Structure formats: C-alpha cells, structure tokens
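Here chain A shows up in two complexes: once beside chain B, once beside chain C.
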Partner chain A sequence: MLKVERVSTGYGPLEVLREVSLEARAGEIVAVLGANGAGKTTLMRALTGLLATRAGAIWLDGQHVERLAPERRVRLGLALVPEGRDLFGSLTVRENLVMGAFTRRASAEIEAAMARVLAYFPRLKDRLHAQAASLSGGEGQMLAIGRALMSQPRALLLDEPSQGLAPIVVEAVFDVLARLNRDEGLTILLVEQNARKALGIAGRAYVLQSGTVALHGTPRELADTATLRELYLGG
Partner chain B sequence: MAAQQTPGSSASAPAPTMARLSRLAWVRGARVLTQGGGATFAVVALVLALLPTLFDGFFGFSAGFQLHRITLIGIFVIAAFAQNILTGYAAQASLGNAAFFGVGGYMLAWLTNDLGKPYWAGILVAVGVAAVVGILVGGPALRISGAYLAIATLGLVFVTVSLLDLWDTTAGRQNYDLSNLPALLTDDHTLYYTILVITVVLLWLGRNLLRSRVGRAWIAIRDSEAAAEAVGVNLARFKLLAFVVSAMLTGLAGALYATWATTASSSMASADQTIAFLTMIIVGGLGSITGSILGAIFVGFLPLLLGQLPSPLTIGSAQIQVSTLTTGIYGMLLLLALVFFPSGLSSLGGRGRALWTRLRSRAGGQP
Partner chain C sequence: MTAVLQVALAGGVTGSLYGLLAVGIVLIYRTTGVLNFAYGAIAAVCACFMYVLLTGPRLNFWLALPLALIFAVALGIALERLFARPVLNAPVFTKAIATLALALVLQTVAQQIWPQLAQPEHFPSPFEGHATRIGGLYISAIGVTVLGVTAVVMVALALFLNRTRLGIAMRATADNQPVARLMGVPVGLVFPLVWALSAVVAALTGILFASQQAVIDVQFMDPLLILAFVAAVLGGLESLPGALLGGLIVGLTDSLLALVLAGRHVGALDVSDPGIRAALIFGGFVLVLLLRPQGLFGQAVLRKV
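Our next item is the complex of A and B:
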C-alpha cells in the first residue's frame, strides 16, 4: 500500500532522514515512534510531498509518488492530519471539511463524504457553523481528522494526534481511528510520542532515532526490547 | 458547489468573548456587510443614489466640484478591495499595487489618446495589460514570501514609476492628459453614477468570488499554508490567481482614476500611492470587504480634511505645505492601527456589540 524505500531528506545542509525504509500494508495500522527531533514530522512532510525527498522512493499502491506534487498524492488517496491540527481557523467547521475535499469537484460526492465524517464525529455536527478557531482541542483534532477523511483517502497519515489532548480525548480519538481501520479497511500510519497509546492500536511499529529506523516489529516484540522500554515506556 | 456555506449563517453562534473576537477579526468584517440586514443596506443605497441631489441642495454652486471629489472614494474602494484580496485574504504582502494602478491609467491614456481607440475598449485593454503585469510580478513572487515579497514588489513600484517618467519625458509632457474621454464621463453626475455602479458590481462579484472555492483556497493559504497544500491546494496557482485578480481590479481603478482626473501621472505608480492603499486596508480591516470600504472612505477623506487647513500652514516660524503631510499621516495611521487596532475599523461593529452584550448582562445581574 504505502512503502518507503531508503528515503533521505532534510533542510538545507541538515540531513534529517537518512535512508529510512518502512511500509504500511493495506488495512494495517502502523505506528512510527520517536523522540523529539527524531524526524517524525519530516517523514510525514516527505510522504505528503510538502518536503522534497533527496534520495529513495515512495510507493503508493505500486506507483512512484516521490516526485508528485502534494495535490497529486491527495488525489491518489493519501491524506495528512498535520501536527498541531493546523486548522483553517477563520473558516467554519463546515468550510474546513469542504476544504478537505478540495481535490473533489462533484458536490454530491462532497456531501456524501461529509455525511460519513459526521457519522464518525457527531460532535462536529453541532458545531458545523462555528469558527474552527473556537473549537476545543478535542473538537479541533476531530475536525483535523475529518478534514483529512474528506478526500476519501485510502491511507491516512497522522502526525502526533494525541498532542496536547486530555487522556480521555486521546482515548476517543484513538477509538475512532481503530473503527475507521476496522470498518472501512483504512490504512493508517501514525507518528507518535505517546508510545504506549500508539502501540495499543498498531499492528506494527517502527522506532525512529536520529533520522534512521532503529527498531521495528510488532508492539509485543518492541515492548520486550530494552531500548524502547528505556526510551519511551518509562523503564 | 452545493457544499458552499455562506459565512453569514454563523450569526446565530453565541456571543463570542472579546479575546475570541480579536482572534477572529479576519473574516468577521466580511460578515458585517451582510449581517447589518436589509434595512442598513437600503438606507446606504438610498443615500448613495440620492447623494448628487443632496449635494445640490447642500453645496449649491460648488455641488459639482464636491461630488467630483467624493467620486474618488469609489475608485479607492476598488483599489483597496484589490489590495485586500491579495494581502488580507491570500496573505501576499504586496507593496506593488501602485504599479498596476499606474499601468492602468497610462494604458487608458495611450489607447484613447494616441491610438484613438474607443473608451471602453481602452478600459478592457488596460485591465488586460494590468493582468499581464500581475502575472509577471506574481510569477517570481511565488518563490518568496513575507518581508522579502514586500520589498521585491516595492522594487516593482520603483521600476514602474521610472518607466512611466521616462515615457513622459521622451514624449515631452508633464502628465499624460486624457483629451479623448466620452463627453458623458466629463459630467460630474454621470461620472459619479458610473463609478458607483462599477464599484457596487465589482464588490458583489468579489464577494461571491471570496465565498467560492477560490476564495476559500485563499483564506486557507492565509490560515495555514502547509495545511492548504496538504489538502491539495496548488499554492502556486492560487497565489498567482490572487495577483492577477488584484492587478486587474487595481488596473481598472487606475484607468478610472485617470478618467476622473482627466490625466495620468507617474505619481500614480509611486511608493506613496502604495502606502495609501496599504493604509486603507490596515486601517479599514484586513480580510474584510467592509474594511476595504471603510478604509477607502477614511483615507479618501483625509486629503479633503487637510484641504480645509490653510496652506502653507504656519507653526511658529515653520511653514508647512499641507499636501506634503498626507503620506506622513498615512504612515502614522498605519503605525497606530497596527499597534492599537490590528483588526481595523471593520471590527468596531463587532466589538461594540460584544461590549453592549456584556454591559447589558452585567446590568441585568446575569452571570
């Protein structure tokens, strides 16, 4: 489904990712763990095309996408829930959702996508005409996920979805992700600092350390690894 | 698009707090225009329609002259709206709009005077040429942003003013007079109504554009460029489009200005003119149609008010030419507005309403 092969990239003289390889197979939930500065957000930016790759290949359903513009990758079924939600604050909730379907033109299609999103996030239904900037953290994260779902992606990328949220809200968000994966077969690649939470729903996980993949395996395998325990699970 | 939502529909949301208000001031201004309801709109329309008659009664023999001065504000509204589309909505810090203004004026002068083309054909070509200049500026502008873009586009203004000066000098003239204008447009009443209608129609079209897919894309770029790109907005295409639309509107405003003044001069493309446009939208309100109108009125009236002062003005032993004060005052207004009033005049209505609600709930002893 989504395959990253020896991708290197960075900013100016700074190389942030060095020959990173990872894979999310169709219908999988894959977690990418790592400390601050490990290159998690850079990986997301490279996958969506917000940042050009310097070497390596990115495959989406067997198609090379590493040279495609972000717009094209969205059309091919890749959607990003950005770090810190990054909503369009002055637009309403509804307008944010409509923006999520920017690559889709048919209004019937957009309405159908919106109905589906609102079924997953009924909270948003009451706030459709509220300004996105006025949402609470949890509502904002739901909107960010809903906006990404509006393009009807086959692979959903999430950059730190638990960031800045109360534990009970994190619970709700991860619950929806699990349902999306189970009911719709949505492939999910999520980057997290909250390792415990991410390992709870992921089928497999990778650990990024200083821009390279240090470890990978199933949550159970990783939980047994001394390094991961030391680094992320508090000993 | 059926999924489109009119911004006015969120009016039923609970009264926001002051803090939230200032955060949301960007788009709220656009709402005031529609929210004020039919009554306000009808009164404004009636006053504008009857203004020439009112002026006749009030000013007597100088009514024509006064009406002509007021007409300029309509032209400024178009230019301010154009600057606001580019800077307030699409978030492109352009200081180059005076260049489009000058090009519009000179193109109309050249086409109607030297080439003897019909006036409205001249207008269309002037707008077209401004659009081309917009593409030429917008293209490179895609690679830079923020302060760099502001400085680069200011460079365009200096280049344009020099070229227009050079053209004037080689043609052996001071200004480029438009001696071939349709007789109708030299009549103060007709000119007033013509500009009024053009301004209203353009504001209406612009409002619809801002509520469309294109307008939402601009606002999305402004709110978060990365998120806009991530949902599939082609940044280059939509930024360029903002430049072209802004250039066309400003070019038209320039052509109308030359019609109004019956002459075009290189000062139309000066840095002072750019500062005036910027002052309009910052004082009026960024990202707001109402703000564009209020700012243009405010800035448009300033020279009229200064004109009431005796010139030269004697302060102590110093003598000051009042006309030279204008740009200084614009600069000061910019500074004051940015520091104390970042959301501009258009936010006054909302702030007033919030204050009123708070006072009333306090007086009523409600929590």
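Our next item is the complex of A and C:
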C-alpha cells in the first residue's frame, strides 16, 4: 500500500532523515514512535510532498509518488492529519470539511463523505457553523481527522493525534481510528510519542531515532526490547 | 441640513472608492502576504487602457469596459507570475518595498506606450453631465454608479468567498497555505486568481474615479492609494467589510473637514487647502493606531504566524 524505501531528506544543510525504509500494507495500522526531534514530522512532510525527498523512493499502491506535488498525492488516496491539527481557524467547521474534500467534485459525493464523517464524530454536528478556532482541543482533533477523511483516502497519516488531549479524549480518538481500520479497512500510519496508546492499536511499529529506523516489529516484540522500555514506557 | 447630507453623500462616494481599493489591497495581502503599493498603478494602467480604447478606436464605453476588465485579468495574472511568485518567500517588508519598484515600472512602461497620458487628458464617460436633484440634494449619475458598483462588488465578493468551493479554497490558502496544499488545493492556481480578481477591482475603481474626475493621466490614482492604505489599516488589514468601512470613514472625514474648514484661515494659513485635510486625516490615523494598533475593527487574531 504505502512503502518508503531508503528515503533521505532534511532542511538546508541539515539532514534529518537518513535512508528511512518502512511500509504499511493494506488494512494495517502501523505506528511510528520516536522522541522529540527524531524526524517524525519530517517523515510526514516527505510522505505528503510538502518536503522534497533527496534520495529514495515512496510508493503508493505500486506507484512512484516521491516526485508528485501534494495535491496529486491526495488525489491518489493519501491524507494527513497534521501535527497540532493545523485547522483553518478562520473558516467554519463545515468549510474545513468542505476543504478536506477539495479533490472531490461531485456534490453528492461530498455530502455523503460529510455524513460519514459526522457519523464518526457526532460532536461536530452541533458545531458545523462555528469557527474552527473556537473548538476545544478534542473537537479540533476530531475535525482534523474528519477533514482528512473527507478526501476518502486509502491511507491515513496522523502526526501525534494524542498531543495535548485529555486521556479520555485520546481514548475516544483512538477508538475511532480502530473502528475506521476494522470497519472500512482503512490503512493507517500513526506517528506518536504516546507509545503505550499507539502500540495498543497498531499491528506493527517502527522506532525512529535521530532520523533512522532503529527498531521495528510487532508491539509485543517491541515491548520486550530494553530500548523502547527505557525511552518511551518509563523504564 | 441639506449641506450636511450633500457632504455625507460626497464623502460616501469618495469613501467607496477608497474602500474598493482597500478591499483589493486586503485581498492580496491576506492571501499572498504582499502589501501592494503598486495597487494604484495597476488601477491607473487599467483605466489608461480603457481611455485608449475610448479615444483610439473610439469604442463604445460599454464595449470598452469588458475589454478593460479582461485586460485587468491578464495584467493580474502576468504580475503574479513575473513579480509576486519570484518574491513569494521573501519577508513581508521586502515584498512591500518591491511593490514600490513595481509601481514605478508600471507607470514608466505605461507612459512609454501611451505618451499622451503623461499629462492629464479628458476621460469621456456616459455619466458626464448627468445629474438630478432630489429635494435640495444634488445627485450625480457617477456618484450613484460608484455606490451601486461598490455594493455589487462587495456582495459578489462575499458570495464568491463564502459560498463557492474556489472561494473557500482561497480563504483556506490565506489561512494556512501548506495545509491548503495538503487538501489538494493547487495553490499555484489560487495566487494568480487572487491577483486577477484584485486587478479587476482595481480596474473598476480606476475607471469609476476617472469617470468622476473626467480626467486621467498615468499617475492619477496616486493620491487615492495612500488614503486607501489608511482605510485598509483602519479596517485591520484582514476583513473585506472592515476595509470598506475604513474607506467610508476616511471619505466621510475628508468631506466633513472640507465643509468645516471651507474658507477659513488660521493666521496666514489657508486651512481649506486639501493638503491640510490630508495632514489632519493622517494625524487622526496615527492617533487611532496608537490607541488601537490592530485597527478599528481588527481583533487580536487567534492565529499563529
């Protein structure tokens, strides 16, 4: 489904990712764990095309996408829930959702996508005409995920969706992710610092350390490794 | 009473012209981060093009108008490509200075192509000489047209920006450009669209002002531009209705000052001079900014930069 092969990239003279390879097969939930500054967000930028890769390949459904503009990759079925949500704060909730479906033209299709999103996040229904900037943290995260779903992606990327949320809200968000994966077979690539939560729903996980993949395996395999325990699960 | 109404009407008409320019300035600034000091020159060049159509091939005004607006669209797209895109990632201040150079280039080129417009020329329009009296009030055809066009432009812009897919995409791009790209918005198409749209607003304003004055030259928009910037900043540089309101306030203040100061002297100083009014308006503007740096209607924005 989504395959990253020896990708390197960075900012100016700074090389952040070095020969990163990872894969999310169709229907999988894959977690990418890593400390602050490990390069997780940089990886998301490279996958979505906001940052050009310097070497390596990215495949989406067997198609090379590393040279394609972000909008082309969205059309091919890739959607990102950005770090810190990155909503269009001055737009309404509804307009944010409409923007999520920008690559879809038929209005019937857009309405259907919206109905589906609102079924997953009924809380948003009452806030459709509120400014996105006025949402609570949890509502904002729901909107960010809903907006990404509006493009009807086949692979959903999430950059630290649990960031800044109360535990009970994190629970609800992860529950929706699990349902999307189970009921619709959505492929999910989940970047998290909250390793415990991420390993709870992921089938496989990668650990990013200083821009390289240090470890990968199933949650059970990883939970046994000393590195992961020390770094993320508090000893 | 009639005198005051007459002044209010005049102020509303010039205020609408400032407001339209301010709207175009805010539109470009919000979407592309360019504080466009060349906006007056863009308006002037489009109005000059209209003048050439009216006086050269002697086209009918209503035939020349759509051609001038098409010219504006082309000019807007060309400026985005040749000027705005190369400096896209420069700091706001650098871009603002660059627009001053752009204004000079536009005016110089226009003067080379149309040397007759180096001096003021008569601008023919169907509004000329048409006016009516209602009560004691003198109402000119061009005045009514300015108010009508302003209303139509504002409503059309509001509908476009709030109701259409492309309009919402434009606002989303203004809000957060990288994320708009992530949603699949071809930002490379949105920017030229913004420039084209604001060039059309500029052209309309220029043509209206030329019709009102009945004279035109290459630099005839310059005095308006500075007050349009005052209006845009009063409106907080973020909302289109705020910009229009800013324009109306500036226009009304100018007219009221003209009424109050008419024929008066302070010592040897003739205070009815337009220069004195402009100075007073700037003084008031600075005072407002000291008290409310975010403009009259700007809110402290909930947005990261």
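Methods note: the second predicted complex is superposed on the first by the 235 of 235 C-alpha atoms of A that agree within 3 Å, B and C clash if a C-alpha of one lies under 4 Å from a C-alpha of the other, contacts with A are read in each partner's own complex, and residues count from 1 in each chain.
To be clear about the criterion, a residue touches a chain if its C-beta (ideal position, glycine included) is under 8 Å from a C-beta of that chain, and two chains touch if they have at least 3 such contacts.
Treat the numbers as computed from the prediction; the structure is a model and nothing was measured.
Superposition note: with chain A as the common reference, chain B and chain C are in steric clash. By the touch criterion stated above, A:Glu111 is placed in contact with chain B alone, chain C being left untouched. Contacts of A:Gln193 after superposition: neither chain B nor chain C is touched.
In the superposed model, A:His129 lies in contact with chain B only, and not with chain C. Once the two complexes are overlaid on the shared chain, A:Thr48 sits against chain B and chain C alike. By the touch criterion defined above, A:Ser21 reaches neither chain B nor chain C.
In the superposition on chain A, A:Leu91 makes contact with both chain B and chain C. Common to the chain B-facing and chain C-facing surfaces of chain A are residues 48, 50, 69-71, 74-75, 79-80, 82, 86, 88-91, 95, 98-100, 102-103, 133, 147, 151. Residue ranges of chain B in contact with chain A, taken from their complex: 1-5, 7, 9-10, 12-13, 16, 20, 23-24, 26-27, 213, 216-217, 219-220, 222-224, 226-234, 287. Contacts from chain A toward chain B in the complex involve residues 48, 50, 69-71, 74-75, 79-80, 82, 86-92, 94-95, 98-103, 107-108, 110-111, 114, 129-131, 133-134, 147-148, 150-151. Chain A makes touch with chain C in their complex at residues 48, 50, 69-71, 74-75, 79-80, 82, 86, 88-91, 95, 98-100, 102-103, 133, 147, 151. Those residues of chain C whose C-beta lies close enough to touch chain A in the complex are 165, 168-169, 171-172, 174-176, 178-186, 302-303.
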